[in-house]
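Next up: the structures, one after another.
There are two complexes below, and they share chain A, which is joined by chain B in the first and by chain C in the second.
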Partner chain A sequence: MTAPTTTLPVGRAVRAASKEEFRRAFKRNLTAHGFLIGAVLCFSFFSWYPMVREFLLAFQKTEGGATRWVGWDNFRHVFQDPGFWQAWRNTLLFTGLALVLGFLLPFVVAVVLNEFRHAQGYLRLLVYLPVMMPPVASVLLFKYFYDPGYGLFNRALEFLHLPAQDWLQSGDTAMLSVVIASTWMNMGSATLIYLAALQGIPGELYEAAELDGAGLLRKIWHVTVPQTKLILSLMLLMQIIATMQVFTEPFLLTGGAGPEGSTTTVVVLIYQYAFSFNQYGGAAALGLCLLVLLAGFSALYVRLSRDNES
Partner chain B sequence: MSERTLISPAQLGRTRGKILYWTVLAVVVTGFTVVFLGPLYWMVANGLKSTEEFARVPPTLVPHSAHTANYTAAWEVMDLARLLFNTLYYAFGALAFQLVLDVGAAYSLSRLRPVLGKAVLGMMLATLMIPAAVLVVPQYLTVLDVPLIQRNLLNSPWVIWLPSVTNAFNIFLLKRFFDSVPQEILDAASIDGASALRTLRSVVLPMSRPVLGVVSIFAVVGVWKDFLWPMLTLPDPALQTLNVGIYSLSTGVPENHLIAALAMACAPTLLVFLVFQRNIMSGLTAGSLKG
Partner chain C sequence: MRTSLRRSTAAALASALAVTALAACGTSSSGDGKSAQPSGGSADASAPLDPKTKVTLSIDCMPPAAKAAELKEWKEDVAEFNRTYPNVTIEGRSTPGQCLEPPRFTAMLKAKSQPDVFYAYFTDLQQVLDNDGAEDISAYVTPRSVPALDDIDKNVVGVLKRDGKLYGLPTSNYTMGLLVNRKLFQQAGLNPDTPPRTWEEVRAAAKKIAALGNGTAGYGEYSVENTGGWHYTAAMYGLGGDIVGADGKAAFNNPTGRQIADNLHAMRWEDDSMGKTQLLKWGDLQKQMAADKLGMFLAAPDDITYMVQQLGATYANFGMGPLPGGAATLAGGNGYMVKKGSSPDKIKAAVAWLNFKTLAVGKGQFRYDRSKADGLPVGLPQPAFFTGASKAKDDELKAASATMPVANFKAFLDNPVPGKAEPKKAQEVYKVLDKVMSGVLTNKDADVAQLLAEAEKAVNQLLANQ
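== the complex of A and B ==
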């Protein structure tokens, strides 16, 4: 900025300049907020306001249209529900099984696929196919496969001279059956992400490991795993966050409850509280419990993915 | 491909290595085909069976006679054309809303930097910490009676479109991409007298094709795969999505008809996927790696 002609009274010039600047800044802000307003309104109505409402609901009771503040009553009520603890046990079981299958399996598959010089495109396509199917179609398909009578799985076991299973019909195997179906439906995306990560590993690292006399497993442990550590930990967190919120698979495969309530997960219970028992307060209290448990994982995830970029 | 991986080329070159490689490859290719393509074949084949053949034990591998009537019956009884149209309508509407509003927001936060922009971004990112399942109940109560406008959004497409905009992940992805556009190019545009909208349209967006592709895939696949939200908010059977419609009709139709319907429900996206698989898969991994 060059100084204005000195003959003019300085004060007025400055005032005029700042006025002009203010006008420009105001206009710039107006444009900027204009671009922002649509998303902000959507967030306000469908994200921020429901978030506040979730907290309020957990301490309120709605009866016949009247809302009343009940303090920790909803929590007390939910904690006393035997279904509450069972739902948590089921959810943890699902998460545990899903970590063994849904987290490990895609990695193993990706490591194997990455070695192939042939048919890799075809195999990638296959593993990703279920991800593109409407989940309800996959679930109903699995329902047929699990059928103890004419189901395909028991026919296969019979063929291998193994004992038939009850799959979804027994409390012991119901959750495992849900996890198997869920893994089939979802493992494609994780596999592709791992494959992309594996392709970024410099080949020299393997050469160096070989010179040091490392075998196959040692190469995986000392090169492949450390090189993909960040992606692996991100996927682990994401898997935990996602599986603790599982709903569609148990709800559709077993109607939500399963034999002896063996597949009622926490989110299924939230659904039941809200939409079967009409107890929004209980549902919200349960939701807050889930939120508290998962917030830590989410924070860690956001932190790690920020490190990942820089 | 010359890029070397876990197993050294020398090891693969030996006879033993070659035998092992081809054996493992054969086993994996067969296994994958059975595990991932098998169910699709089962669906198409069993959809063609007669009721009597469908119930037969042991099941037949190839249907004796093709009952294509199952497919036409399922198509009409379950009104698949409508369900499919609904799903596409919601998915592409959500895509349009996300592209316009999320891109606008990300551009504003990245380039125009308004007062309180940082706080708004922070609040948007904070929603990533809230598990989606926790918000379903209060969100449902909100769309029953949206505050200020006092409207019930149940059974209207807005109930899918508007909440889909609240995707902090997309905004984050877009903002980071816009951040990387060189400032000199934008300065040049502004010296030429381009307005903010013009700069976005003619300079920033054409450079952002990859990230727009990723966001679009997420938007469409998100609606395509969602079940709980549309089940709650679209109770009218005529307005339901494919997932919800098939679920609610699944108990009332003969089994071989239902399976034929499943096969048809899977067909469109599988076709789209086969055509665009290269873009879809690279887009997905790009998004997930950078996000």
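== the complex of A and C ==
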């Protein structure tokens, strides 16, 4: 029964001490906190507050200047839109194709570049050049390349006596064409990251593998891949997160729709809901669906990053 | 719709961010401080503006410096207006591109940052009202404040009314027709003075023009960014059909709708008269026609201005006929609205300015002699919203200063087709119909019946979700 009366003053003393400690720590880091306030304010205003607003907007409708709470109506509305499921199918198709092309190709290019002993800087610049081009210019360039009448690609096929393709003009090939353009535009950054990872692999490992009689493919499989596993996993996740938000390429190459809506992605649909149909609630609801999905991938990404750091 | 589309394409925003930005704007309820709440001024709408009352009006769509002639005219008009109303200060706001870009307009309405007198398309009224953005100006617009009021086409004014209340004044209007390239018509042995009036004639003419070769297409169509659905709607109107029926349900999956789709499919795949490149949007067909690579497409007269002023074409090379079928044609336009919360004096000053600048025969935008002297085009058949004595006077003044061969538009003018407004939920419906258009134009094996049936189902679904 007496225990509480004896422990209370101790608890208070501990709290007072920790308060004092906190105060001292705060004083010590005053400048850092000063800098932090600016960043926190910026993030609050430009990132976190809009995100909270978007969350609320997903459950609201604006009419006659008044905003009213509509519960899950916006979600029901977008789920009933036949374009909703098509947009998800298209997005997943883009992500799948982008992983096959956009994930593997930069790695292969990085491995090849890593083998070159001369002109590495020049080759790196060549690979990185497309990234430096403004995305809109790159997309318009590809639009010209894909033109079925005068496009460079069909001219090249004609020169090689191969049949002309419909590229963006057919529902069968439109998405693949978008992925090709997107891969070309973005592979430079990924290649450089892979290259940096490859150059961090100790040369002795390759020498040991060679002594064991390993050929090029076995060296890649048994040395390169395990040594870059974490970077590869991170890049894979980042690629999934980025490709599921694809907008610029389908929007500019195919007007956001393509043949029979075959290139309408989820983010393009969000854009249409907000700016073509003025249905901000629907757009926010769609955005929230995407956010939930990507949050899962992001959590994985954070976990992997932590492992990487440790 | 037509004009709104031309600007909406290039802005490739990361839309998730855009939506969050929108959301950020959504809570802002502060105005510009000058006109947030009605304050001061005479509440008697019919009383003239008190000359002692100082009023400052910010107004959208002042021509940018790049449009030197238009800007000069704007300044002249402000000076002339100030001779009558020295107490009104006009603060013009200009934008480098189009007067209205939908994403910017949307954000502006959400943030309530629109100017006192703001520019809007006819189709924007619902969005403006949803955002409580405009004043009811019915009481301020009378034959006293707008002398030509009774001579303005009632249908045009009606577009800016809702539940009997007037929310804006029109500045221009358009109806669609068939735009033709006269040079290609002549080269193909066709008479450009009598453009095709039916789809059979369009198909036959397109074949002849495409036969010229060298990548020339006879007829062109849009199929993305909602423009395909928009043109499909125009074609339906032309044949007397509809997109949304009186019962509020989709009304295009029928023989008329099928005829349009079948005809386009045949022109694209059997005749090969529509060129190989499809998935076109506003601006693409104009470029082809300005380069003499396209014979015909559905358009409004001001497409010609765009081709001449922006793409370097010449007026004499174009002509217009009525929309094939001629039963009705898609109509639209733009005007100005007054920001919600403006004081009665501001509304009076706004109506006075709009009357002077955009609704008075022989003044402002209708001073054709001045436009001619400034090198601006005179002679296009639209805008044309006057009727009666005002129309007669306007026609006379226009003819006297025409800077282009107006006879090229005779077929369009002599065969006026009644204008019809866009369907409910136009943009969403157009998005669905884009699929029909892109399907027909990109898939040789397209199943037209299935495309229409799917579109009908989708449109009914979205109409049910009002």
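General observations
We adopt the following convention: the second predicted complex is superposed on the first by the 276 of 310 C-alpha atoms of A that agree within 3 Å, B and C clash if a C-alpha of one lies under 4 Å from a C-alpha of the other, contacts with A are read in each partner's own complex, and residues count from 1 in each chain.
By our rule, a contact is a pair of C-beta atoms (placed from the backbone, for glycine too) under 8 Å apart; a residue touches a chain by one contact, two chains touch by 3 or more.
Nothing here was measured: the structure is a model prediction, and the numbers come from that model.
In the superposition on chain A, A:Asp81 makes contact with chain C only, while chain B stays out of contact range. Once chain A of one complex is fitted onto chain A of the other, the partner contacts of A:Gly256 are limited to chain C, with no touch recorded for chain B.
In the superposition on chain A, contact of A:Val267 is made with both chain B and chain C.
Of the two partner chains, chain B is the only one that A:Phe43 touches; chain C does not reach it.
Within the superposed three-chain model, A:Met51 lies in touch with chain B and with chain C [touch as defined at top]. When the two complexes are overlaid on their common chain A, residue A:Gly171 makes contact with chain C while staying clear of chain B.
Once chain A of one complex is fitted onto chain A of the other, the partner contacts of A:Ala66 are limited to chain C, with no touch recorded for chain B.
A count of residues in chain A touched by chain B and by chain C gives the higher number to B.
Once the two complexes are overlaid on the shared chain, A:Pro148 sits against chain C while remaining clear of chain B. In the superposition on chain A, A:Trp184 contacts chain B only, with no contact to chain C.
Touching of chain A by both chain B and chain C, each in its own complex, is seen for residues 46, 49-51, 53-54, 57, 135-136, 149-150, 245, 247-248, 251-252, 267, 270-271, 274-275, 280, 283-284, 287, 290.
Those residues of chain A that touch chain C in the complex are listed here as 46, 49-51, 53-54, 56-57, 62-67, 77, 80-83, 135-136, 147-150, 166, 168-171, 245, 247-248, 251-252, 254-261, 267-268, 270-272, 274-278, 280, 283-284, 287, 290. Contacts from chain C toward chain A in the complex involve residues 8-10, 12-16, 18-24, 26-27, 102-103, 106, 110, 127, 129-133, 215, 223-226, 275-279, 281, 340, 425, 427-428, 431-432, 434-435, 438-439, 442-443, 451, 454, 457-458, 461-462, 465.
Within the complex formed with chain B, the residues of chain A that make contact are 28-29, 31-36, 38-40, 42-43, 45-51, 53-54, 57, 111-119, 122-130, 132-138, 140-141, 144-145, 149-150, 152, 155, 184, 189, 192-193, 195-199, 201, 203, 206-207, 210, 216, 219-220, 223-224, 231, 241, 244-245, 247-248, 251-252, 267, 270-271, 274-275, 280, 283-284, 287-288, 290-291, 294-295, 298-299, 302, 305, 309. Considering their complex, residues 1, 3-8, 21, 24-25, 28-29, 32-33, 35-37, 39-40, 42-43, 46, 55, 57-59, 100-102, 104-105, 107-109, 112-115, 117, 120, 123-125, 127-143, 146-147, 162-163, 165-166, 171, 176, 195-196, 200, 221, 224-225, 227-228, 232, 242-244, 246-247, 250, 255, 258-259, 262, 265-266, 269-270, 272-274, 277, 281, 284-285, 288-291 of chain B touch chain A.
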